[in-house]
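Right, one structure below, let's go through it.
Chain naming follows the written order as A, B and C, and within any one chain the residues start at number 1.
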Amino acid sequence: MEEFHVSTSRQYQVVDITAKVKEIVRKSGVKEGICLVYVPHATAAVTINESADPEVGNDLLGALAAMVPEGKWRHDRIDDNAAAHIKAAIVGPSETIPVKDGQLLLGTWQAIMLVDFDGPRRRRVAVQIQ
Amino acid sequence: MEEFHVSTSRQYQVVDITAKVKEIVRKSGVKEGICLVYVPHATAAVTINESADPEVGNDLLGALAAMVPEGKWRHDRIDDNAAAHIKAAIVGPSETIPVKDGQLLLGTWQAIMLVDFDGPRRRRVAVQIQ
Amino acid sequence: MEEFHVSTSRQYQVVDITAKVKEIVRKSGVKEGICLVYVPHATAAVTINESADPEVGNDLLGALAAMVPEGKWRHDRIDDNAAAHIKAAIVGPSETIPVKDGQLLLGTWQAIMLVDFDGPRRRRVAVQIQ
């Protein structure tokens, strides 16, 4: 297993981590298998989508903000970030991608992205290939 | 593969199953790999988020209830639980977690939770570690 | 790894691909493990839910259409399909299912479904079993 860190700079932020994951896949030497990308956080998530146009990530953040409004939840009484928890649970903390011929089987318009719903924070990403 | 059952007592309920999954990981003897937690149900799901404050789970149920209102769907004509199916499809029937040093790589605030959208029912959970 | 293609005929469409995936599992000879079903696309997704009543899939499409309205996003200025990207990111490009006794551990009401949010298109599905 390999790990790396991503430091976000905004409260809501999408960060393309494809290059880092590809490098770990290459170094692993695995030719065919699966690659699990996982964040051990309850207010961040991993998703796969287009990053060529960074507005796709911003649109995702905007859509989730409309679906899960801030400041109206029970957990907000304890820690003022309930919406971040809800969004992270819906998007999920991981993605699993096939590895073929030593490479991730990502489509032309697919990038692996860390989504921070409660930044800025230093986020940890674990990559397990097998 | 190991399995266990969870009996829910309410229509909408979040149940922390982390301890059961951790026990299965320990017994497996696997030191590094992945752990798949899967529910073979169409109206329940698995998610990962905070359970230290149980209101996070209640907030998730509340947010999904607002996003997917009850009783306005085509499947309701056949079986009055369409909203439960839609929510289960969005949250998803599984989570995959890395195993490192013989332990789940869960973050401090991450718990594995079964979410029942159509209880009370006896739910089956499968855990595959490799 | 095995692959197959699905040609969709409508803009929004749910296609049951369970039979194809089951055939690949059978041919693989794997008795116990996991099966990853993955679409290398940014406007399609994979989900697991009931297909015995095809209205469940239509309800899922309807619920996502209500959650993510068309035509109000930044990416629409570049390519008029931002809602499709957002929905695909939320539902996700993959599902992972346990394999037991040489068979997928699907529940009675669970089917594996490709969801196209930007059809009609020819979609590629990769299946990795290990």
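The rule is simple: contacts are C-beta pairs under 8 Å (C-beta built on N, C-alpha and C of every residue); 3 or more make two chains touch, one makes a residue touch a chain.
Please read these numbers as outputs of a predicted model, since none were measured by experiment.
Asks: Would you identify the shape of the chain contact graph, picking one of line, ring, star, complete or other?
Replies: Per interface graph, the chains form a complete graph.
Asks: Indicate whether more than half of the residue numbers at the chain A-chain B interface occur in both copies; give same if so and different if not.
Replies: Chain A vs chain B: different; shared/all numbers falls short of half.
Asks: In angstrom, rounded to a whole number, how far apart do the mean CA points of chain A and chain B lie?
Replies: The answer is 20 Å.
Asks: Quick check on chain A: which residues sit in contact with 2+ other chains?
Replies: Where chain A meets two or more other chains at a single residue, that happens at 34, 67, 90, 92, 96, 130.
Asks: Which positions of chain C touch chain B when the two form their complex?
Replies: That would be residues 32-34, 47-50, 53, 55-56, 58-60, 62-64, 67, 90-92, 95-100, 105-110, 130 of chain C.
Asks: Quick one: which bits of chain B touch chain C in the complex? Just the residue numbers, please.
Replies: My answer: residues 1, 34, 36, 38-43, 67-68, 73-75, 77-79, 82, 85-86, 88-90, 92-94, 96, 124, 126, 128, 130.
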